[in-house]
Every structure is written in C-alpha cells, then in structure tokens.
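Order of writing sets the labels: A, B, C and D. Residues in every chain begin at 1.
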Amino acid sequence: MGDRGCRGPGPILPGLSKVSIVGASGYVGGELLRLLLGHPFVKVAQVTSERHAGLPVGRVHPNLRRRTSLAFCSVAELNQCDLLFLCLPHGEAMRRIDGLLPLARHIVDLSADFRLRDAAAYQRWYGLTHPRPHLLEEFVYGIPELHRDELRGARLIAGAGCNATATILALYPLFAAGVVDPSRTVVEVKVGSSESGAGASAASHHPERQHSVRSYRPTGHRHIAEIIQELTTDSPVEIHFSATSIDLVRGVLATAHVFLTEELDEREIWRLYRAAWGDEPFIRIVKERDGHFRYPEPKLLWGTNGCDIGFERDRGSRRLVVMSALDNLGKGAAGQAVQAMNVACGWPETAGLEFTGLHPV
Amino acid sequence: MGDRGCRGPGPILPGLSKVSIVGASGYVGGELLRLLLGHPFVKVAQVTSERHAGLPVGRVHPNLRRRTSLAFCSVAELNQCDLLFLCLPHGEAMRRIDGLLPLARHIVDLSADFRLRDAAAYQRWYGLTHPRPHLLEEFVYGIPELHRDELRGARLIAGAGCNATATILALYPLFAAGVVDPSRTVVEVKVGSSESGAGASAASHHPERQHSVRSYRPTGHRHIAEIIQELTTDSPVEIHFSATSIDLVRGVLATAHVFLTEELDEREIWRLYRAAWGDEPFIRIVKERDGHFRYPEPKLLWGTNGCDIGFERDRGSRRLVVMSALDNLGKGAAGQAVQAMNVACGWPETAGLEFTGLHPV
Amino acid sequence: MGDRGCRGPGPILPGLSKVSIVGASGYVGGELLRLLLGHPFVKVAQVTSERHAGLPVGRVHPNLRRRTSLAFCSVAELNQCDLLFLCLPHGEAMRRIDGLLPLARHIVDLSADFRLRDAAAYQRWYGLTHPRPHLLEEFVYGIPELHRDELRGARLIAGAGCNATATILALYPLFAAGVVDPSRTVVEVKVGSSESGAGASAASHHPERQHSVRSYRPTGHRHIAEIIQELTTDSPVEIHFSATSIDLVRGVLATAHVFLTEELDEREIWRLYRAAWGDEPFIRIVKERDGHFRYPEPKLLWGTNGCDIGFERDRGSRRLVVMSALDNLGKGAAGQAVQAMNVACGWPETAGLEFTGLHPV
Amino acid sequence: MGDRGCRGPGPILPGLSKVSIVGASGYVGGELLRLLLGHPFVKVAQVTSERHAGLPVGRVHPNLRRRTSLAFCSVAELNQCDLLFLCLPHGEAMRRIDGLLPLARHIVDLSADFRLRDAAAYQRWYGLTHPRPHLLEEFVYGIPELHRDELRGARLIAGAGCNATATILALYPLFAAGVVDPSRTVVEVKVGSSESGAGASAASHHPERQHSVRSYRPTGHRHIAEIIQELTTDSPVEIHFSATSIDLVRGVLATAHVFLTEELDEREIWRLYRAAWGDEPFIRIVKERDGHFRYPEPKLLWGTNGCDIGFERDRGSRRLVVMSALDNLGKGAAGQAVQAMNVACGWPETAGLEFTGLHPV
C-alpha cells in the first residue's frame, strides 16, 4: 500500500485473515468496519469509498475516531485479500462482480444482487435483467440458521435483507413444520430510519421524519422475494407484506399474522420454536407472562447480532401472531455477514459478535 | 356555586349551554376541557376529580394555566347542567350511571361502558356482567359519520374507542359495499403512549418506554368488539387485530389488510371512499403519487378532530392495504365527543373543532 | 388573479384585510399561513414560492390539505395588498425591499434584515454591508411587549429572532430595572430542528440528527446583536451566548444565568416580573413548588404564541437563573408577527392566536 | 453457594477475581453487571436485590437474557469476594458500610456517600451528618485520569458522579493550568432520563417526559461539591451550575463557559488539553472544522467508557466554551468504576471496556 489516500492500519499480524470492505462509508459498511475492527481473527486491510477517498474513516464514522488509523481508498486501489465484503448500492455489485471476484478467496455481498436463486425473480421484483445469472446458484443465501452447511467453506455469500431476515426467522419453524396456511400470512414490519441508508433526502429531514409513522411500502416490498424463496417447501407461499417507518434509527419489529392449519396450543408452538432455534446462539425466544418486556423489542438488540422471537395465540381464531426483533444493521446486515464469515472460515460462530445490547436505552 | 374547592368560571352567559366533566384530570378529560373552553356555544360549569378536588385545573393540565380559573371539585358537588361528559375508567360509568342520569339532559360517556349494544358481548370481551343492560340500546354509538341521524337530539351517547374509530372509518366503506372477504381482515394499529392514560407505571417509565416497539396486545384487544359491531352487515365479520405501542405520545396509525372479493382497481376504490366520506368535514382521503406525506400520518393530526385515510392495492394479490391516522385524544376520544355533542345539539358540526394541525412537528 | 399557477382563495370578503406572504413554502411561511387562514380580520390573497409555483399549498404543508384552495404563485405575480409578510432567507429581503415596498401599506419582514438599527452591526455580525441602511430606523423591532406604542400603525415591522425573543423576554425586566451586572450574563438556548428551516442536509438526516445534543453555535450566534440592542439601557451589555440543538422539532428553552448587583430575594424578583409582564396576554410566569412542570417547558407551547418564564435564585451566590420557553415558529416567528400585525392594525392583540397548547404531547 | 434464590454462574475459573454487586437491579447495577460479565479478569459471583431476590437477572435487565444464569440474592446471603461494588441509593452505603467492609479486599461505592473528603460538605450539600467521617480520607475519588496513582492498589474507591465527571474532565486542564477566573464559570449540563434511576414516577411517565426540556435543578445541584473539590488548587472555586433534562435516555452534555485570565488562542488551548489528556485511553478531543459531528455528542458514547471534549473560543470576549459528552451509565458510573477497578488491580486499564459506540444511533 502506502499509496496516496490509502493509509493502511499497519502490518497484518501473522495468522490474521486480511479483509477489505468495498463501499465502507455507508451505514452497513460502517457497522461492518466496527465489528471487524474488534474481530479476533481478522485484520481490516482496506476500506473503499470513492467519495471520501483519502479521508480517515473517523470523519465519516465518528464512533471510530481514534479506534483506527485507516483511511478510505478508491476501489481501484484494492489489493488482494482473504475476504472481501461488498456494501454497494443494489445493482452495483452485479455490475462489478467480474472485476472483484479475482481479488479474494471469499466474497460476501451485502446487497440484494445475489440473494435470489432464480434470475427471473430479478425481473419481477427488481425490474432488471440479471447480468450474471450463472453466478446466482453459486451464492449461498447468508442466513446461517438456515444454510449453515452450505456456508462452510463457501466462496460466495449473499447477505440477507434486514426485513427478510426478521420475517424468515420468525416464520421458518412454522412453514418448515407445515402447520400454517401458506397463502394467508400477513406481515407488517416497523422499521427505523437507518434502513434507508446514509443519504439525506427531503423525507429524512429531521422535522419531517421525527414522529413519523409512515407507510413507506404498503405493498410490493422487494424483500418479499427472498422471504418466499426461503419459506417455500412444497406448496406455493404467499406473503402479504407491508412496511411502516417509525421514529427509530435502528431496529425492525416484524409482526406476522399466520393462520394455523391445525389447532396447536402455545405449548406446541413453543416446542416447534425450541426444536428449530433452541441451540442457536443468536436467537432468543422471548415470551413472558408479565413485565413490560414480555415480547421482542428491537431497542434491546441495538448493536448486536441477536434476533428475539415471541408469539401469541389468538384464542378466538386460528391466528398465531409471531413477533421478531433485530437491529437492521446488526443481524439484519453487518452482524449476520460476520456470522456467515465465521461459518465460512470455520471460526467460532460468535467471534466478534459478543456485544450484549444495552438497557436502558 | 362558591362551594368549597369548586370555584366556577364565573356566571354562565345567556344562551350558552352548561357542560360539566366527570373525571377531568385524566388525558381525555383534559383534552375535552381544552376543546370545551374554546367552544362557542358552551360554558364549562364544573370539572370533577376526586384526587385533585380543590386544585386549579392548570396544576394538572399545564397547557391550561391562565386559560381558566376553574378548579376541580368532587363528583358529589355536581350541579345540574345541560350536558355531562363522563371520562371515568372503564367499569366506573356503568356503576355510577343511575346517579348521574338525573343531572343532565345529555350524557356523553367516553368509556367503553355503553358502546356495545349486546350485553353478552361485555361478558365475552370485558369479563363482566353489565349492570345496566337495558340502557345499552338507548346509547348511540358516537361516530357521527355512521350514526348522524341517531345522534340528532340523542340523550345518551357512547364515545367510540380510539383504535376502533381508526379501524371503523378505514373499513366501513368497503364492508358496507360488500366488496371484501369479511373474515380475512388483519388490522395492526401503532399507538402512542397517551392511550394508556395519565397513570405512571414501570412500563411507562421514560427509559423503558422510549424507543419501544412493543407488542402490547397482539390478540384479544377489546376494541375488536366495537369494530365487529359497526362493520357487520349481513355476514359475520372477523377482525384479526393487533396493537403495538411505539415511541409517540399521541397518535394512531391503523394498517388494515383486507382481501377483495372482486377485482377492483384503485380508481374504483377511490370512488367507494369518496361516496362514503367525500362530504365529511373531518375525513380526508390522503393518497399522493410522490412526496413523503403520500399516506396518512398521525402527527399531522395532533390536537385535531381529523382522520386521514389512504390505501394501496397490492398488484400481486387481492389484498388492499388501508391506512388511517388520527389523534387518539382527538378524533379518537375528546374531539369526537365534541363532534357528537354538536350533532346532538344541532350546532354546526365543526364548532370548537377548527384547529388545523401543525407542520412541522 | 386567475393567472396561471396562482389560484386564489376566492373573492375577498368586505371588511377583511388582504394579506400576502412572500416565501410561503418554508416553515415560518407555512406557520404564518396556518395562522392567517384562521384569523378573523384578514384574508390570505397570495402566497409565493418560486420553487413550488403552481402547486396547491397542501402539497408542501400537509396540515393545510383541504383547508384552503390556495396555490403558490411567483413573486412576480404579486398584486397589491394591505399587508405583506416576507419570509425570505436572510439577505434576500434587503436586496428586494425596494420592489416590495410599493405593494402594501404594511410590511412585516421575518428575516434578520431589518432588525438592527445600526447598519454597522450588520457588518460585524452578518459580514455584509447593508444595502438600505436608511430603512433601518423606519423598521420597528417586532416584539410588542417592548415596542407596542411604536408598532401602532407602523408601516414597517422587523420580526424578532426566535432565540432573541426568548432571551429578551427572559431578561428585559431585570436589565430595565438595572439590577444585574450587565457584562456577566451567560445564556444557553436549547433549540429544535425546525430552527434550521425546511432544507434537508447531511446534518439534518434523521439517523444523524435524532438524539443529538449538538453544540451548533457555542459562540458568535447572530441573535446576540439583537439581544444586546434590546437590553441595553445605560451601560454596555455583554451576552455570553451559546446554542445547542436537541432532539425536538419545535421549541426553544433559554436558560439565562444573570448575576444580581443587589441581594434580591425571590419575592422581589417576582415583583419585577409581574410589573413588567403581569398584564401581557402571551407571557406566563411559571414557577411552582412541586409537580414536574414547575418551570417553563417548550412543548406546552407548540403551536401557540405564548412565552413562559420562570426563575430560581441560587442561594450560594448572586446568580439568578431565568428560564424561558417558546415555540420558535410561534412566538419566535410567525405568531409574534401576527401579534405585531394585530397591534399595527389596531385589532385585538390576541386575534387569531387563541390556540391553547396541547398536553400531553 | 447453592443457597436458595441465589443461583451462581458456576465455579469460579482459576485466576479470575470474584466480584459481587450490591444493589444490582438498578440502572447502574445493571450496566456494571453487563460490563463485568464481559470482563476478562473477573467472574461475577453474586448480585443482590432485596426486591427481586430469587429472580433471574434477565427478568430485570432484559438485555442480559441468556447471557447469564445468575439470579439476584439478598444482601444477607453475600459471601466473601475479591471486589465488592455498591450500587445503593445515596445515604444507604454510609449506613451499611461497616457490615460490608469485611466482605471484600476492594470496595467500589458508586453512590455519593464517600466522594467528598470533607465531612462538613455532607452537611452543606446533602443535609446530613456523615456517620463514618473517618472513612472519607481512605476513599479515593474514582476518576483515574486525576487519581491514577492513588487508585493503584486502593482498597476503597468512591465512584464519581456523572455530571461531575463530565464537568471535571472538561475543566481540569484549565483550572490546573491556572488560566481561568476561578469564580466565574457557568456550567450547564443536559442530561437523559436514566440519571434519575429505574424508579417510575409521575415525572418520568412517558407522555409527560417525552419532549421535555426540563430545568430540574437550576441551582443547588449536589455534584457541585465534588466538582469544586476536584478543581480547587489555590484559589477558591465557584461553579455556577444548572441541570436540564432532555429527551434522551442515556447521555450528558456539559457546556462550560469559562473566562480566561489571559489571552489564549485556540492553539494554546489545544496544547493544554493535549498535555493533560493526550495519552488518556478514554478521552478524545473532538473539534473539527466541518461536518455535523464537529463537537462532542453523547449518543456516540452510549455504552462506552469514553468522554469526548471540545471547545471554542469566543472572539468577542475572554470566554471559552468547553463541551464534554459521556454516557452517564458508562464513564459517568459503571464504566468508570470498572476502569478504576482495573487500575486498582493492576490490570490493563481498558480491560472489559473495549466497546466502540454505535453510529448511526
């Protein structure tokens, strides 16, 4: 290195894997950088940002002031590394993938560009013809709880969407067990403002955005495609999905209304969730009889890779309400990418992800 | 008057109707008092609070400092008046109604005690035997948009629930037109903290409550009873309802997912809503192509009696998403009670309710 | 009218004064429009916005949807009117004043352009040579509590700054009475995000701005010039002023630390404030022994023209802490401009300004 | 152990120090527990709470669910340990200290009970006669940046107050250098709601507390005593201190207005701060020319032990404005207590305190 505008963090320690981040000035890139700087098995080699090339990362991510001497460099200056994370806007990674593939043994793409196995789905949900459809089957969808075996040693990993992760983890045990009507599920996610990224707009101007309860995507949300892909087993799945922005920076709460095909009581539901997620290090079943934290709350998960899941049976009908919470930048993006990396590299799955969220907050 | 602890606001002007409020120290009572103090046709005679008897109202409702010299008195000191508003906790009004009936020509009860026409429904939803079932049919359910004719001259009025009002106004045009599957509707309301009233609790402690996205009633919400009552025409109606608390003081956003029984496009939906609500002074259809206020937002309605309604058709299914916003203390309680009073007394329906919400806020 | 892009609100009623607003698409312009639409003695004739010319005002100020059929027009289309309000960015009004003067009998400028009587002060505080210095002595500084007599019939009025109004109303009784050290006062204002106007920026992006406690102007705030001008009597005045942005849309709380030159107790301070502000319709002295609203709180004043003032004597020193709260768009801008108009036109001073703030909120 | 209601976290690992927390159900106790559970050199043995004895800690601190199997026990069940942290209400530790002293080699008290060296100061500021005045000189005031040498091996440590820590770290370099008028300093702290602890009250009820900018202690704040104690060198020090609650859960921003006795420019001020704090692992000087994080912001420090300090010279006077930010539960309480423990025990000072705050948040 030593090139203009790209001061590195010093020599790589022996034994540490070299990782670099493409597009490290956004919110997902910044969160990833924070996590990787504290990860015991990696060394951050380079972080790119065309707009901020040459600037110390602390100028863009003020929480990292004095934590690192890294400065942004241009993607053109990227060297070989062991793992390369791509935090580019949707549509960019698919355009550049050919040039990036030779740079690293493992690539984790955090955009939507390689999440769907079916190229035709890109046409339907993203309105574009995928330029590298043959790569789609090589990418492993990056939810370790569902694809742990495929992730081991995986070369190409597609990070899952934040709302998709919340919904899939909430519903997978039920769909896999075949106990719900696959076409009646209604999901409503309540999301914070960081989901829209670091770019300011009239809609994100504080006086406009504070206190908003804004139906920003009542229908047609693109994460539906991933959710359907991951929840489908035999019968075709329909997910009736809406997203509402609320006055929060980080956090997703998904509330899923599913309709059971058999009369299961809460104990039986518990059993399904325990069987599916009981051993998962990042999933907690949260369901208490009293207190005010009876069910999942996203704020308790800020900065963590956790996903909390709870549920309640409607006594008057076959409805089961499942709630799941996570930090959209954590388990919904950067945290889960690190978890997937850990699996891919054979490291302890929780390495670098030990932060226990805050309370009160 | 001049009685102990109950300073009145001076002589009643000729022509003004005398109104009193029982239980005026809570949030609904305070909002009602604010509205009635600015109402052109009434004079507030007495406001009761057992706990604060003798105290000037400004000590409890700091926004009313210097706006009135009224002090709280005990309910035992109540004099005759023209209209009596009851803002008591649920269960209290039904217990005390016999003593209150002789005090006024009109009574508007803002609790849930007389909302349901069917006494058996109280058993089911509130777990109690209604002590005065014969009065239930005399009370008019206080949504003027649905019961304007019955409200004219009505002696007994039952104020509607806040979440119920938001849901009913959102769905009535569709259910009345018979274009939706009556058993598939899922409604999720996002509500502010003032819905739980003025009493502090561990759950409402600021460090616990700020940033919360709290599934406080995923199933079994009592407002379902009113909603079903008001939306039922021929076929039995099922409403799959959940309520989530968010970090807001005032405001409700109801998101309703209904499933159409016929292929209606957005223009046809528009027509149904315009036919139903086009002339209503307090309902706006909010649905714009661009901007960030494309759909209803509760914050724009703080302090008003307005209800904004919007909708979006899901192109991939028969789902229609309807959003409605209101201020739970305004159109969801005190505002609507004043509107109902205006109708009952033959006054202009908007009298005292002219406040145009704020922006930005 | 009837010209393209400038639909008027219909014929002016006889007896109503015609008012127009230049620059009506910003936050101050929008608040002013809201107030004027509800004002009993005026009729809004035209509202200008170059950027939004042709658009109905409800598209920019969503709270005004269906309240008016007005659309923005260009300033070039302005007709004669009785009163013209200028809500232009600082520096614009002084450049355009010659063209605007002939349009109306009264002009109320809400920018800083004509607040200072001394042209040299513009050089010092705003870094510019005032192009129309001769007009400065014609403009009356628009705080009615201080300049009521000069405002009666005034042709040119300069609306006061929001932080300046809060500070001046807090300190005037003390400075006028000559009981404080004129050079030791420290003032710290806590302000909401709407003070910076309607233009989005990286700093106002919701994820960046939420939760901020941001020292945006520790020294050198331009409002100091007005404050000194209005508080100076004999001896030169120094105001050590800092401004901090907090997580609020509307509202200012000024905390002023003054040092008494004589040993006054709280009762004597009360007397000074009562003598100065006791009869003012928009000022309340707020100082209670218990409860949590013992002192002024800006949120209680949202949407109003009120200013609440409180104080506490430090027993260990000669310090007196004075707190004052207001809504920066209300008493800090649009509300006070309407109040000044009312005085100038000989109307009741509270006309159009009756809104009693909300609680809870 | 194995005693009723006091499940321990398993056998203590060889080499780990045993720590226990008295009063672990409050906010400071919970934060301390979170930090100690992740600390590499300690093992949490017992945590007490009379009210919650027998309950798993996750029921009170929901962020710690599944992180530990610890349950609260009664203080009567406390065993010997290496370090004992006291998180009792003010006044409690001094009453119980005799019984607690024999339990551990090191005691860190986080209340105010042993912060002041002068017993008479307790009379003046806390209105009580200190029952154990002879212990006051044994306790080391727990700001490592000021008392590192005394803390090494210290047996008794008094954790510093949150507002006091923010103020002292902001001002110490200036007072120590003797460059400020020691009697003119005005300090205003803006604080979050967690400072008042975990107990709900009418004042902390969410609808009352949200949006508040509340002058809760304009004069007479008890932390003044510590601040004066720590800043006094030769001449007597006066601190004119006010505290305002704002709509934040965690965080303090202190804004100090000091008056220089000599004409120092910003470069010279920089030098003083660098000399004093340049090598401190937890203090950053934050002062940038552009961007919106030019100065300290508490939100960037949530969950950390950091303190950010910035300043700006007033060109028009001798005033220097110094801003400092910290998390009142972090560097303001639990974090600093862990830092002091690290120094006392000879461990790396940053052990267990590595968390890099979040952005955005």
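Miscellaneous remarks
By our rule, contacts are C-beta pairs under 8 Å (C-beta built on N, C-alpha and C of every residue); 3 or more make two chains touch, one makes a residue touch a chain.
Not measured: the values here are computed from a predicted model.
Comparing chain pairs A-C and A-B, the larger number of C-beta contacts belongs to A-B.
Although chain C and chain D share one sequence, what matters here is the overlap of their interface residues, and that overlap exceeds half of the numbers used. Taking the mean of the C-alpha atoms as each chain's centre, chain A and chain C sit 46 Å apart.
Per-chain Cα centroids separate chain A from chain B by 40 Å.
In chain D, the residues touching two or more other chains are 27, 194, 198, 202, 207, 209, 211, 247, 249, 291, 297, 360-361. Only residues 184, 186, 188, 190, 202-203, 207-209, 211-215, 218-220, 238, 240, 242, 244, 246-248, 251, 253, 255, 257, 291-292, 294-299, 310, 312-317, 319, 321, 323, 325, 360-361 of chain A touch chain B when the two sit together in their complex. Contact residues on chain B toward chain C in their complex (touch as defined above): 27, 30-31, 34, 37-38, 59, 61-67, 194, 198, 249-250, 284, 286, 288, 291, 293, 297, 300, 302-303, 354-361. Per the touch definition, chain A reaches chain C in the complex via residues 27, 192-194, 198-202, 204-207, 209-211, 247, 249.
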